[in-house]
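Labels A, B and C are assigned to the chains in the order they are written; within every chain, residues are numbered from 1.
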Amino acid sequence: MRNKKNRIRLQDRLWVLGLLPFAIMVLSFQLAPVWSMLTGSFRSDIDFSLTWHNYYTALHSPFYRKAIENSLLISSYSSLIGIAVGLACAYSVTRFSPAIRDRLLMLSNMTSNFAGVPLAFAYIILLGSNGMFTLLFKQWGWNAFAGFDLYSWTGLTLVYVYFQIPLSLLLLYPSFYGIREQWKEAASLLGANAWQFWRTVGMPILAPAIFGTLGILFANAMGAYATAYALVGGNYNLLAIRIGSLVSGDVANQPNLGSALAVLLACTTLLAVALNHGMTKRSARYLTGTARTAVPSRRERRRAARGALANAKEGMG
Amino acid sequence: MNSYLDLQGIRKNYGTTAVLDDVCLQAAEGELVTLLGPSGCGKSTLLRCIAGLADLNGGRILLQGRDLERLAPRQREVGMVFQSYALFPNLTAGENIEYGLRMRGDSKRSRQRRTEELLALVDLEEKRDVYPHHLSGGQQQRIALARSLAVQPKLLLLDEPLSALDAQIRKNLRAEIRNIQKRLNMTTLFVTHDQEEALTMSDRVCIMNKGRIVQAGTPEEIYAKPRTEFAARFMGSYNVLTRPEAMRLFGRLEGSSDSFALRPESVKLIRPDEEEGARAGGKRIVEGTVDSVSVLGTILRYTVDSGGVRLTIDVLNDGRSIGIGERGSVRLALDPSQLLQLEQEGA
Amino acid sequence: MTERNGAGWGHRALQSMLLVYLLLPLAATAVYAFAREWQNTLLPKSWTLDWFGSMFRDTRFLEALWNSLYLCAISVGLSLIVMIPAVFVLTVYAPRLESLMKGIVVLPYAVPGVVAAVGLIRTYSSGPIDISGTTYLLIGAYFVAILPYMYQGIRNSLLTVSAPELMQAAGLLGAGPIRAFLTVVLPNIAPGIVVSTLLSFSVLFGEFVLTNMLVGAHIQTIQVYLYQRVGESGHLASAIAIAYFVFILIVSMALMKLGQRRSGRGKG
């Protein structure tokens, strides 16, 4: 008894020691910066007095409002397109044998590392003013594409979609294994055609996974910086780009306004990730207990999650 | 005769292996026919073929004289209950039952009325708004049954509907299904690998093996007169004897069969003073040694070695035979009239 | 409805289109990297390996490569030293605090890099600790950036080998906690940790926004150098991008092989 007590006391001291370096690192490089950013966002860039002014500017000045609006729009469009394409591809990929499916997923996982600066550059080669396809379309006389400009919003959306699709595919495909073949069979015996089955049973079961993935894609696009920055430097009026130039730009250094914008950006991405979290819990309700036969193995899920994480880091890269 | 359900020469191959090999089966209206067999004998595949969930490689399926071949599953008017229930998890119990009616385009009022009726039929009125994952296995199974009955199918297919349930619930549900089936006069094909289930529930039992129906008949016939070795072994603890073994026990044999079956309860353990009476009754007396005894509730099951032949013998557990232990010597009274001749497999 | 053996032509077509779509940017970069000259024609007229050659003769490239490698190695190493004891202690002795830990490590995943950079610049560009533009700041930022991967990897490894039970067993056999950790737990979780190490490494290797905003003016990593080269010589930039991708490819292959071996062993 006494022995056990001693051991516990020793362990008490030990675990504090084990956590100490972690606490120091997190405090100095995560919590302190967050705190500094939060307090800074309420300080004026001119006289350092406490103020709401930064948030007022962020939400009312036409310039920054436009940046927020642009970011929200491009994130929404690229995530919605990503979800639509990803959904079709995810369903399709589950129709293949595991060996082929794994190879397809591995490929899309690997190309998803091709984001940020190299991706922007590759798209310049493909669709820039002297790009391969630009020339090809000119040669074939496809006028529909004559007005296309990679450096426009459409062009940027196209590049964003590129990194959204593999992410969407990797996050969505496991939930298709939750749709059991017997549900389809039961529905068909009860008089439902394929479309009716997906409308009444399939899609409602997938819905949480779809909304959750939408959250991740949205956060991913909101935080994306490297791709846009590499494509045209600071010329796009996007929230992430604006924040970057306000804080480390050479022209107008307004760190406190930058902080306010950063807080706003963080709020949207946190909200989107929270949505994903809630939805994951929700879809677990359908998929545990009822679907034992067809859920993917732990390895597959782990791999998907890993791919997802690696992808979601576009914002960082 | 025109049967209600008529399966003619059904064939089904997966690749080069035949899963169903010339299966013929008729069922009258309101009859409950059980397909009994070990796993992999093709019984579930047969159900799936009838439901249209699997294609045929040959043969015809007639339901009320109508050929089902060209029809999609949803046009066949066949209801099916799956082993794993296959309830839709995003719909409540009531909505699950209502599903087929909704697909058919019934009015909301009639749908509601019918749903209430069926919930009452399976005695789950209070579970209408409960989601499947909050129901017990037995309740889920009853909802699945109600769902398939809601659209009034012409034929009900039950694919091992009870195998995922506890023994006690299984027994209750067995009786309940039979009850409902009789009340609705619903023609039903029931697939199981449990011989007790098959014997207690069915009007008729078809024993299947390797894609064929090896014997069909009433439960009494099937139990009392297994025709082949497979049927004898599958129907329970029949002693299956080769011709030399039977010869050793009985001395002389009728017929020319190569194998014989002997029901475990037809052999009697007797005391020396009963010997005369038994001999007079035409029994044959042999000596044996008890290898093991196990208590199966109301039955004592002995394994006895008699001259190198191992026999399983069931004795009523009424306290009379408790004296006989392992390694003990016993006298067995064999009744030659209870020795069944078995046909060659596949003959 | 009939059983399906393999996927139909629709699915094949869709997956082929997806493959082409995903590989096209890569292929274009590769073509550019091997093209001697490529102006106003559909495909290059002649091919060369010169760009790869000049890449390796380019001292700035080699310097950037070296910067990337040692910064990533130090950050991942630091993370291992700090995170393994922390996650271990938490899993074994203080499971109550796990939700707090989860909240902390999920932040870098949910908060974009540009936001993290803002906080770091504000904190360290003035005031008592002025380390702006230094490797210290960048390593701290990298440490936070890979928190989610490290935490997840270490925690999963600890749970798969059931570390609390291992510790108890070692304790009953007379080993002290530190000794038990070093001799029993650490060797068992090592293979799992290799996976998160490689993953973190590849994440940091592709990191751009933190590096560019925090130290871009002073220290060049592969990504920052690539960004500057894109404007100057497209061919050279392509060669660098392809080299970078091949490196990532090797890391992902290694990750996958390790993952397969681990799950194979788990089953067997």
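Following the convention adopted for this analysis, a residue touches a chain if its C-beta (ideal position, glycine included) is under 8 Å from a C-beta of that chain, and two chains touch if they have at least 3 such contacts.
Bear in mind the structure is a predicted one, so any value in this text is a computation, not a measurement.
Centroid analysis (C-alpha atoms only) places B farthest from subunit C.
Here the chain at the heart of the shown protein, by mean C-alpha position, is A. When the interfaces A-B and A-C are ranked by how many C-beta pairs touch across them, A-C comes first. Rounded to whole angstrom units, the spacing between the C-alpha centres of subunit B and subunit C is 59. One simple way to say how far apart two chains are is to compare their mean CA positions; for subunit A and subunit B this gives 55 Å. With centres taken as mean Cα positions, subunit C sits 17 Å from subunit A. Looking at subunit B, one finds that residues 52-53, 72-73 touch two or more other chains.
Of all residues in subunit A, those that touch two or more other chains are 185, 188.
Counting only residues that touch two or more partner chains, subunit C has 1.
The touching residues of subunit C, counted against subunit A in their complex, run 1, 4, 6-8, 10-11, 14-15, 18-19, 21-26, 28-29, 31-32, 39-43, 78, 81-83, 85-86, 88-90, 92-94, 104, 106-123, 140-141, 143-145, 147-149, 152, 156, 171, 177-178, 199, 202-203, 206-210, 212-213, 216, 223, 226-227, 230, 234, 237-238, 241, 244-245, 248-249, 252, 255-256, 259-260, 263. Listed in rising order, the residues of subunit A touching subunit C in the complex are 7, 10-12, 14-15, 17-19, 21-22, 25-26, 28-30, 32-34, 36-37, 40, 88-89, 92-93, 95-97, 104, 106-111, 113-126, 130, 132, 135-136, 139, 162, 165-166, 169, 184-185, 188, 219, 222-226, 229-230, 240, 243-244, 247-248, 255, 258-259, 262-263, 265-266, 269-270, 273-274, 297-299, 302-303, 305-306, 309-310, 312-313, 315-317. Of all residues in subunit A, only 180, 182-183, 185-193, 196, 200-201, 204-205, 285-286, 289-290, 293 touch subunit B in the complex they form. Residues of subunit B that touch subunit A in their complex: 51-53, 72-74, 76, 78-80, 82, 84, 86-91, 99-100, 102-104, 132-133, 147-148, 151.
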